[in-house]
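Pasting the structures here.
Consider the two complexes below, in which chain A is the common component and chain B and chain C are the respective partners.
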Partner chain A sequence: MSAPAAQLRLMSRVSLPALAAASFLLVTTALVLVFFVAPNDADQGFSQRIFYFHVSIAFTAYACFIGGAWKALVHLWKRDPRADLESYVGVHQGVIFGALVLLTGSIWAKISWGHWWLWSENQLVLFLVLFLFYCAYFMLRFSLDDGPQRANLCAVYALFGVILIPVSFLAIRLAQKFIHPVVFTRHGPNFHGWILVTYCVAQIAMLVLAYTLYRVELAGKRLDLRLRELRRVYA
Partner chain B sequence: MSTAEKYVTAAYCVVFALVLLYVVIIALKLQRLEREVDELVARPEAAEEDEREPVHIG
Partner chain C sequence: MNYAADVRALARKDLLLELRARDTLPAMLLFVVAVFVVFHFALPAHSSSLAARGLLWVAIVFTALLGLGRAFVPEREQRTLDALVLAPADRSAIWVAKTIATLAFLAAAEVVALPLFALFFHGLDGATIGAFALADVGICAVGTFVGAMAVATRARDLLLPLLFLPLAIPIVIGGVGASVVAAPARYLAFLALYDLLFAFVCWAAFEYVVAE
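After this line comes the complex of A and B, so read on.
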């Protein structure tokens, strides 16, 4: 068994209450670091503190979409109906975190650039395209009857969406003129010391929070499916 | 509170509010599922009672 697969299996064994407690602790620690430990940015001052959650949430949204695409691939490969449900929940989490990226980014844009939104910024527009693409995933899913056809179509759609992620990520580097800050360069992160520590804690907190919400939603969906089967048996 | 502090607070409140809303929606869904389980559990019990033959007393 490969190392990432073994890690995923290990994570799936962690109980939900333990995950919820870890999420709470990590998010609280991240907030304490953001507001009481991390220094003010020399250029942007206090408003730069939005960065810690905004960037962490953006990478978490990408991770959710990649997870959803991976499960979609597993579904197409092994025809496992559980993978279809996991892919759907992964995409759903990605859309929730994507909405948070757009909202927090918009607030940050207002305070830093004086605008809620800039259509001239490639990275913003590409992230919006990615977000809307995955919103349309739900339109596709709920417009089809439950069954293998719906699962296959949704899996292909989720896989196509993942192509947009590197485009969205690299848009800022491809742009000739930009005002959106570059956080990670080829030589590593653009920050050090407590700023880096705070960002890392916030990133781990967001990933654990997203995984906890994923597990909660998945448990609910599985319970719902089992109930429907029971109803069919009783009917 | 400065304008920057207000905006940063608003951003973090938005994150908190959306996650809280999500948790409330999941909690409501779980409540509905619990109710449906109760209904399913009650259904065979009611069916069993109907199947019993009536006994004439007296």
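After this line comes the complex of A and C, so read on.
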């Protein structure tokens, strides 16, 4: 067994209650750091604190999409029977976190610039495109009967997603040039001291939370499948 | 038979079928003209030529969708898709041939639509026509691929626009960019990159769409 695979096996052996406790602890720590420890932004004041969640949730959503695509690749490549469900759950978590990115981004836009939606915010527009794309993934999945074909089609579409991320990013960057000649320049926050610590803790908290949710959903879905199988046997 | 001969035979079959049945192309032509008329009334007087160019891209993408929706439906209805998959040829040849056929229909529709646009609204420059040539490849490559996915589902044609439009957003951005800016090279390069990337992925992954 290769090293990353062994690592993954080890990760899935961490018990769910332990994971839940870890994510609770981490999220609480992140909340405390964000609201009580991190200094106010000199330019935007208190409202800038949403940045710690917005950015870390966005990164987590990408991680979920990439994880889902990786499982899709495993399905197509190695025909691992568990990979299809794992890919679906990964994408599902990605969509949930993606919706949160849209929500937090929109709140940030309202506070900073007075509009709930800004087409000049590249990340927000990209997440809208991805959100539409992955909603179509669910339409595709729910429009197919359970079986190898559904697994294959969903896997291929999930793989398209990770190609679409950089392509769309590039396209949206290009679109700025003719749709919004004036780009908001926001001097990036200086990453030092408590700001860096707070961001890192928030980031780890979100990743662990996403992984916990992934495991919970996976366990539920597997139980559901087994129950359905048992019912079929008894009927 | 080698790969090129397979592709040629399959593409010839689709083109011949269209030539005899005349299902798709007249519908696409009628649709694009109707859309232009709708646009004329949707655009207020004195709106800029840039707005009209943007709408031209919308018209072409939707016209393409109309053709793409038909690409795999007859195969499914006549149950010939199974036969194609069982044929002793590389499965990706089916995708290449279908892409060529839909590309031919879309190009034929544009040969009528683009001069008509110039007549009804504003003239077109070389960059716009080049952008359409590049975008057509991407639209047909990706559209044929998701079209094959959509016919396998219960929802059929309903699903195709939902699957296709998020993937087509980069094409529209590149195309509209090339049509409206003074230096379009960057946008044309982006369209070419999109074509190469997605054509390769579709070609490599088509096997999984049709085979179980």
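Keep this in mind: the second predicted complex is superposed on the first by the 203 of 235 C-alpha atoms of A that agree within 3 Å, B and C clash if a C-alpha of one lies under 4 Å from a C-alpha of the other, contacts with A are read in each partner's own complex, and residues count from 1 in each chain.
In the analysis below, a contact is a pair of C-beta atoms (placed from the backbone, for glycine too) under 8 Å apart; a residue touches a chain by one contact, two chains touch by 3 or more.
All values derive from a computational prediction rather than experimental measurement.
**Student:** On the A-aligned overlay, A:V32 touches which partner chain: chain B = first, chain C = second, or both, or neither?
**Tutor:** In the superposition, A:V32 contacts neither chain B nor chain C.
**Student:** Where does A:N152 make contact in the superposed view: on chain B (first), on chain C (second), on both, or on neither?
**Tutor:** second
**Student:** Once the structures are superposed on A, label A:L16 by its partner contacts, choosing first (chain B), second (chain C), both or neither.
**Tutor:** neither
**Student:** With both complexes superposed on chain A, which partner does A:L140 reach: first (chain B), second (chain C), both or neither?
**Tutor:** second
**Student:** Per the contact definition in the header, classify A:I57: touching chain B only (first), chain C only (second), both, or neither.
**Tutor:** In the superposed model, A:I57 contacts chain B only, not chain C.
**Student:** In their complex, what parts of chain B are in touch with chain A?
**Tutor:** 2-5, 7-8, 10-12, 14-15, 18-19, 22, 26, 29-30, 33, 36-37, 40, 43-44
**Student:** Using the touch definition from the top, list the residues of chain A that touch chain B in their complex.
**Tutor:** Spelled out, the residues of chain A in touch with chain B are 31, 45-47, 49-50, 53-54, 57, 96, 99-100, 103-104, 107-108, 110-111, 209, 213, 216-217, 220, 223-224, 227, 230-231, 234.
**Student:** Taking the complex as given, what residues does chain A use to touch chain C?
**Tutor:** These residues of chain A touch chain C: 76, 129-130, 132-133, 135-136, 139-140, 143-145, 147-149, 152-153, 155-157, 159-160, 163-164, 167-168, 170-172, 174-175, 177-178.
**Student:** Please give the residue numbers of chain C that touch chain A in the complex, ascending.
**Tutor:** 149, 152-155, 159, 162-163, 165-167, 169-170, 173-174, 176-177, 180-181, 186-187, 190, 193-194, 197-198, 201, 205, 208-209, 211-212
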